[in-house]
Every structure is written in C-alpha cells, then in structure tokens.
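What follows is one structure encoded as structure tokens, with my remarks underneath.
Per-chain numbering from 1; labels A, B, C and D assigned in written order.
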C-alpha cells in the first residue's frame, strides 16, 4: 500500500503528559515521539531510528507496544495498523567473548 | 552443528508439551530454555487450574510443570537449561548460549514456544522502583520467596491481576485495591470474589493518576475516568502503598519469529505470527505454540504445544496421516472445550447479559467483584435444602468442571460442555465431604448447614492462608464484599492430601448469616 | 497530481540527499520508495564511516570535498545532530604483511592529496590506548570520522520534506517509460503512473531491475554486510577503526554503544530474497575479530545485530551519470558499500546532473558506459 | 521480606547463605538466588540511576527482559540482577548511567 507522506499536522499542541518517559532504557519521552511523527517519522521503525526508543539494552521488549500506541495516536490510526519493529539477534544481551567462543570450532 | 528432528525453544507449558508429543512419536527432540528451571511461568502458578481432567484441571500449575517435565524427560527429550536461544536463522538453525560459549543446532522442525511478556502502562512515576509487572511480583514471591512489598496496589482486574492479587495475600502482603480503567472486572468473577470477600476493594473505571515517591514508591493516587479515559477532577484517592503491580495484559514474545522472517500481522489481538491451524508459521516447519502465537491460558498452551508437536512429527514422517488425524481430532476437541464460555478468546472481552442457561450475569460481580446477596439463589448450584449442602457460587460460563468429578455422590452436574454452570442435584444427597470445596479452582463452593441447632448455622470455606485458625478460635465472619457481619467461631479445620493444600475451615454463625458469611478473619472489628 | 519536475526513486541517504539539494534549487520533487519505511536499506545499515582513507582514487576527491566542505556543517544545515565526529581513522595491522597492505593504501591516498601516514604501535596506542599489544602499526588519517547513518538518512528525508519534497512510501517502481524518447514516466506496482521532466534512480541494488525497463544494466551484485551493536559504555574513544584485512570496522557512537561491521567470508553467497537476514556465523566471527584487536571490549554485551544489502559494482565505484542513450534519466547506484560517507557530495553531484549543471566535481570516472570487455 | 513459610509452597528449603557487598556494605543472601532477590530481601530497591534523567530504577519485569534492574556486578555494568545468580563474595554496586563512576 503506498502512502503519500505529504501531510499537514497543524501546529504542535503540547500535551500534559509529553514529559512521560515511554522508552525506559533510552529515556525517550512521549513528547519527543509525538514531535518525531510530525517531523515525518510515520512508523515505529523511523521513530526508533530517529530517537533510539527501543534501541537500548532491552531492545524494545518493554516499550514496543507503548511506542506504537503513541505513534498511532499521533497519526490518527489504530495501533494494529502499524507494524512493530523487527526482532534482531541476539535475543538477550550477550558478551562478545561468549559469542567469540563457538563450541565445536576447530 | 548438531541436528535434531525437533528443536523446541522454551520449556514452558507449550514447549514441554510439544516436545513430549514429538518424542512420543519417536523423534529426537531438544528443548532450549534460558531459565535455570524448566516450566516457564508454570512454577509461579501456585493456584489450581481450570478446565477438565484432560486439561489437568484442579492441579496447581507448579505441579503441572513438574509432571510435564517428567513426561518429556521420560520420553527421552533433552532439556537444555540456562540455554538462551540467541537467534533463529535460515534452515531452522538456532544459535544457543551455553555458559560462556555459543553452539549452533539445526532442527528438521522448530517449535517456537517463547511465551509472552507483560504489557505496561505509563503514568507519572511509572519508572520508580516499586512499580513492577504483576508477573514480577509473582516471580519474587513464588519463585524467589521474597515479598514484593508490604502494601500493594494492583492495576488491572484481568485474571493475571486477580490471581496475582490473591497470591500477594497468600504471601502475607496487604492488597490496598484492585484498580481497572474498564468499567467491569476483566477476569473470572470467581477470582474477583476470592479477593472481595477478604475485604479488597475494587475501583473500576479508575486509573492511576500518579505514583508518588522520590527514590521509591511511597503512595499512589487513582482517579475515576470518564468515557474518554480522562480522569474526572475531584475523584482522586490516595493509597499508602510501597508497590504498584501492573497487570494489563500480555504480549507475545515474537522476537525469534521476527528475526527469522516469519510473517506477522495484527488483527486487533496484537502483533502475532501468521499461523496455520497446526501452528506452522509462514516458514516451513517453523511452528509457534502457546502464548507466542496468541495470548491464552497455560491450559490451551499445553494443547497447542501438542498440536504443533504432532504436526511436526507428521511432516517428518514419524506418524501416518491417519494417526495424525485421530490425534488432531482429540487435541482440537480439547482445545475447543477450553475456548468456550463468556471469556473465550473469540469474544474479545465482550460480556453477554445472560449466561448460556439464560440467567442474568451478575452486574455486581462485574462492577464490584462480588455477588449481591440477593442474586445468589437464582443460580443452579444454589438450592435451599435441609442439612449440609454445597452452595456453588459459580455464575459465569467458564471452562471448568472438577467439581463434578470431585463429588463421590455425584450430586454436582456439569452437563452440555464444561462451560455450563454446575447444578446441585439435591436428590443425590450431599455427604459434606468437602472434596468439591477443595476441588473448585475458583474457590466458589461453600458447604452450608443452615441449622446446626441453637439458632446457629455452619459455613465451610476453602482457606489458603497462613496461619490456619484453630478449632474454637473466635473471629469475625465476613460477607461476600468483605464487610464484617458477626462474630464467628471456628468449629472445624480440615486438611487432607485430597484437598491439595486447600484447607477447609468451618465456622459457626447465627442462622441469618448462613447465606451471607463467606470468609473468616481472626481479628475483631473495631 | 502525479507530475513533478523530478522523480527520485529510492529514499535512502543518497536519494533523499539528491531530493533535498534539488528542492533547495527550487524544483518540485517526488521521491518514490519501495518500502513502507524510508532509509531502510544500506543507508541505515552501515558502519557510519565518513572516511577518505582507503577510498578508490576516483572517489577520493569526493570524500575529501565532503569532509572539508559538507560534513562539518551538515547537522546545522539539516537541523538534526547527525553525530558527526572528525577524530581520525586508525587502520590497524598486526603483521608485516598487514603493514604492506597499509603502506600501499597510504601511498595511494597521499598521492591523491590526503593527509595520511603510517604510524607505529606506540603512536597508535597514544591515539587509542585500548589496542591489543599484538598490533604492529596503523594507517592514520586524522581528518576521517564517523556519523550516525540512521540520523543522516532521516535528517535528509526530514529536511527534504520541509523543503516541499513529496514522499510516497510503499511505492515499488516496476517500470520506467520513455515518452517521445525521454525517460519521463514511472510506473509503480499498484499501477500508479508518475511523470516528471527528469527521473533519478538511486535505489541501491534494486536500481538494476528498475533500469532494465529502459534497457540499461549496471554490472553489480547484491552483497550482504552485517553489523553488531553493543550495549552503551562510558566513552572510550572517538576514532573510526578498521584493519588492513578488513576483519572488522566501526566506532563508538555518541550514544556510547559500539557499532562494528565485520566479514565472515560468505556474504556474497547470501540469497537476495527481499529480506536482510544475517547468518548465524556473523556475530561470532565479528566478535572474534574485534577481540583480537581490542581485548578490553571482550566483556561488552552485544545487544543487536543487523544485515544490509550493498550494491557491489564490478569495479567497486559507483555509476553517477546521465546515460546518453536514455535522455531524462540520471543514474546513481553501485556505491559498493562506501556511499554513506560521500552521500552529501553525491546528493549534490546528482542534483547537478539532474538539472544539467556542470557538476561541482569531476564525475567522468563514474560514467555508465565505462564497462568494457576485459579482452 | 523473606517468605519462610507459605500456605501452598510450604517451608522454604534450606539454602546456603553467602556474603556479598552492596556498594561496599556487607550483606547476606542465598547462593544461587537472583541478586535482585537477595537485595530485595535486604530492603534494597534502587538498583541504578539513569543516564539522562538520573532517575532511580529497580526491579520491573523480574524475568530478564526489561533490563531495568541492571547494576554493576564485579565491576561490570549492565548486569541483569533478576537473572544473575548470587555468588559468594560478589561485589554489587549501584549503577550510574552506563556504568561511569558515581557522581
């Protein structure tokens, strides 16, 4: 589905809860996410890359849904209309020396 | 590279079931789990499960976990613990951490049974120490055996919030309130009633306004919400708590499926893998089972695991198409019976006005967490007969029937599917053995004898707290809403292996309270 | 409404930079992006190097111009901190053979006018105190640096939008059409037709398929490169790092996390199937490489890894040209894994080509018709 | 805070007590239990202070997912205390930001 990104959001209306931390790891606030959407970040992937929300130590395991909800609300779509960020290995933070040590490696 | 017929990721209810099913057909199966103990969340589930015998009903989750593990290991499944799977790659390869090394494995089929993690809710102060997931509290008290806090507010009235709320009481914590933004209790009425009768207040259509504290939670302010979920000014209430538990649903842990490239979608129930009926994802021979494929109960996860395991071994040629068809029919019927009733996943939280039997659904139960005294008599488990009898305060269609199987006299009937309301058949005659009281996973069966002489009645309740009262101990009887009714003397305390740690406490009250008194508390009311 | 002055195909760093510079010149630009997300390809998936050292002689002037005139002001120009740090590039060697490679590379760069030299272990250790004792020496280019690829890409996108560029995402181009001999129509998978006076194709490896619709072919192949990202750590060093053998490359970001790319040797054989999924061998192999040069990093935790496709051109330098046989068309592809560091310059040059101005720098080495038979 | 007896789980099994330090203070816990559980039992709830806002954090998910409970353990920052088994002699410290020295 193609999406024309030409969109006038009107002026930014600050909200009382703009200061609320949404991504706990990277301490990204709701207001920052709302502004990023208005800056053209139209999905969670772009918002994530722009603000780092979901890119901290937990890799979005806590905030993925929350970020998606804020982005969806700002865009005026249901959250289910937006894909969640993809998963990346490793599933858990893991030391380099552990990865380096492949059992069975000659 | 080590090759297995079937690799299972996650040793929870779905994973262990999948592994057992596949191994029983002769497949070489490995299960990887990141935790030190297998069982997934089962070992935190110290309550008795719902369902029927085939779903391991009335057995506590913790014991089901042990049973499943024994079954899988008995069938030759290799369970690797402390073995987090780092990634799921091309050709069904997994990279697994073992201590300070990683190792690569391939499966001809892979079952991803990674479960779910808790959803969170944001409010000012939600990052303070003391705000935790309800599951975190459960882990602390039931696994680590450390009290999560002294006084707790539970945010969320779904089954997780209600069950964990009860477990907090069992661990000796105080539960200040159960709060939910929805206007109705989200979980089973019987779970809510267990809390309400101990005096826990329900604040529905309420949400957390803020958590207070600088370095840790010292209090919480809640307020009533309007139709647009905004707090109505002036409705704020403050509670002195050191812990706020969030129980607002779960999200599937789809990380591995996402990184492998499985298709996902959201049809309103969350971002979930697209699966065939047998759990196969968009990637050939990669299955998803249990909560990772859609949030349900552990009971259904176990069946989904078996379905995925059965489908996988069929694909790998371990069983015939005919054998698979027979097995699938069994499993699908077991799953279907669990998915019935008014809380069925297909209903998406829409609560009907009437039960399947045409009886009204108690509005009081939904809005306050307890049945109104005047409503009780209309349900088929409640009949006024002379002498001792069960009073079955089971008023919602939920998939459960251990009460029927428990009664040696056959005086409890659950007919026409396990979601039907239990019927007390007074003709069969109650012997007062109390097995039904202990068997009821919802703790909604009481024994009542309206006339034990001298204007007194006796009420027997299920009791899962410490310390147990002693015979002759005086206290107060509490109503369904937890209000003090009258002095009450304990006249009997029964424990039995058949009750599985649920004690039966019998107390004596004046006759007029026989159908009102539903809990007993030691301390006198001021 | 589907008419504009220029259509740019591909919303990566180069596509968006081109669109931005065109819009700054007053042109009405439409950018069509195949993915639902902008900057999802190699633009967001690279090590972030803003390097001049180690460049092909043809690219070196572009890289040097960018470092001198564009990167220092880019954050200010685009209104987003793109995390550009110009603290030098250390290219490390452990053996005499490695040093031989570095010597050749240094000589080539010096010949191109770059300030680069070989340094011994002692001097390298003064620049970055965390090096392994096994290191013999390094190639040192003090004016190299790094930036955040995701932010650069999105900053160009954001600035382009602010300058009136129309973006359509989820618009996969299936065909370029000539009208009266000029490439001026673009058809997307859902049948939409966009028309413009000029069309620029900056779609990475996918450019190949798009260009084939007007009978052009750039000899390039898709190559999967993989990177790892670590947990954030208190700041240790700001240099861009690499090795003579290209076992790994990377830097510590402003955030504190390290971003390292690596090679395991099988990248060229990954299936180009629409996804960009890493191989199980990639993270272990990259970790071993890094620990071999920076043992102190061994306890750092890897939190994420990712893979991205690059468009490896047969001679490892891009095509930037208005092919004579296809009037109306500007081609910018085949950046071979080093497009990010020159993306501001490339955007400027492609904008020059699109509007028909004399390019700011010589682009004759990047012509479309340079591919001749070997014998 | 320790649950020695429980209506369903019964008496706690005997476990080996070990000594560890929290910010230099000697404490005891049980060998093999999560570091976070030992701290909780000792009344410690603040595990770290964040980088940007310097806000306190503690146990949040308790199953190793959210990484909020990380601390500096034996000198290494970002250790998930809710899934890291306690060992005799462990040095556990409040983490500041990404693990820089306390300010």
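The rule we apply is simple: contacts are C-beta pairs under 8 Å (C-beta built on N, C-alpha and C of every residue); 3 or more make two chains touch, one makes a residue touch a chain.
Predicted, not measured: the structure shown is a model, and the values here were computed from it.
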Labels of chains that are neighbours to subunit A and to subunit D: B, C
Between the pairs A-B and B-C, the one where more C-beta pairs touch: A-B
Identifier of the chain whose CA centre is least distant from the whole-structure CA centre: A
Chain centre separation in whole Å, for subunit B relative to subunit A (CA means): 31
Centre distance in Å when subunit B and subunit C are each reduced to the mean of their C-alpha atoms: 52
Gap in Å, rounded to a whole number, between the CA centres of subunit D and subunit B: 28
Inter-chain centre distance, subunit C versus subunit D - centres from mean C-alpha coordinates, in Å: 44
Junction residues of subunit C - those touching two or more other chains: 231-232, 278, 283-284, 299, 301
Numbers and ranges of subunit B residues touching at least 2 other chains: 34, 86-87, 89, 95, 102, 104, 117, 127, 253, 259
In subunit A, residues with contacts to at least two other chains: 21, 24, 56-57, 61-62, 83, 88-90, 92-94, 97, 99, 102
Chain contact topology (line, ring, star, complete or other): complete
Residues on subunit B engaged by subunit A in the complex (per definition of touch): 1, 34, 84-87, 89, 95, 97-98, 100-104, 117, 119-120, 122-124, 126-127, 251, 253-259, 264, 266-268, 271
Interfacial residue positions of subunit B with respect to subunit D in the complex: 34-36, 46, 60, 62, 117-118, 127-133, 135-137, 139-142, 144-148, 170-172, 214-216, 253, 464-466, 501
Subunit A-touching residues of subunit C, taken from the complex the two chains share: 36-40, 44, 150-151, 153-154, 157-158, 161, 166-171, 188, 190, 192, 229-232, 255, 278, 283-284, 287-288, 290-291, 297-306
Residue numbers on subunit B that touch subunit C, as the complex places them: 86-87, 89-90, 93, 95, 102, 104, 259-261
Residues of subunit D touching subunit C in the complex: 51, 76-78, 97-100
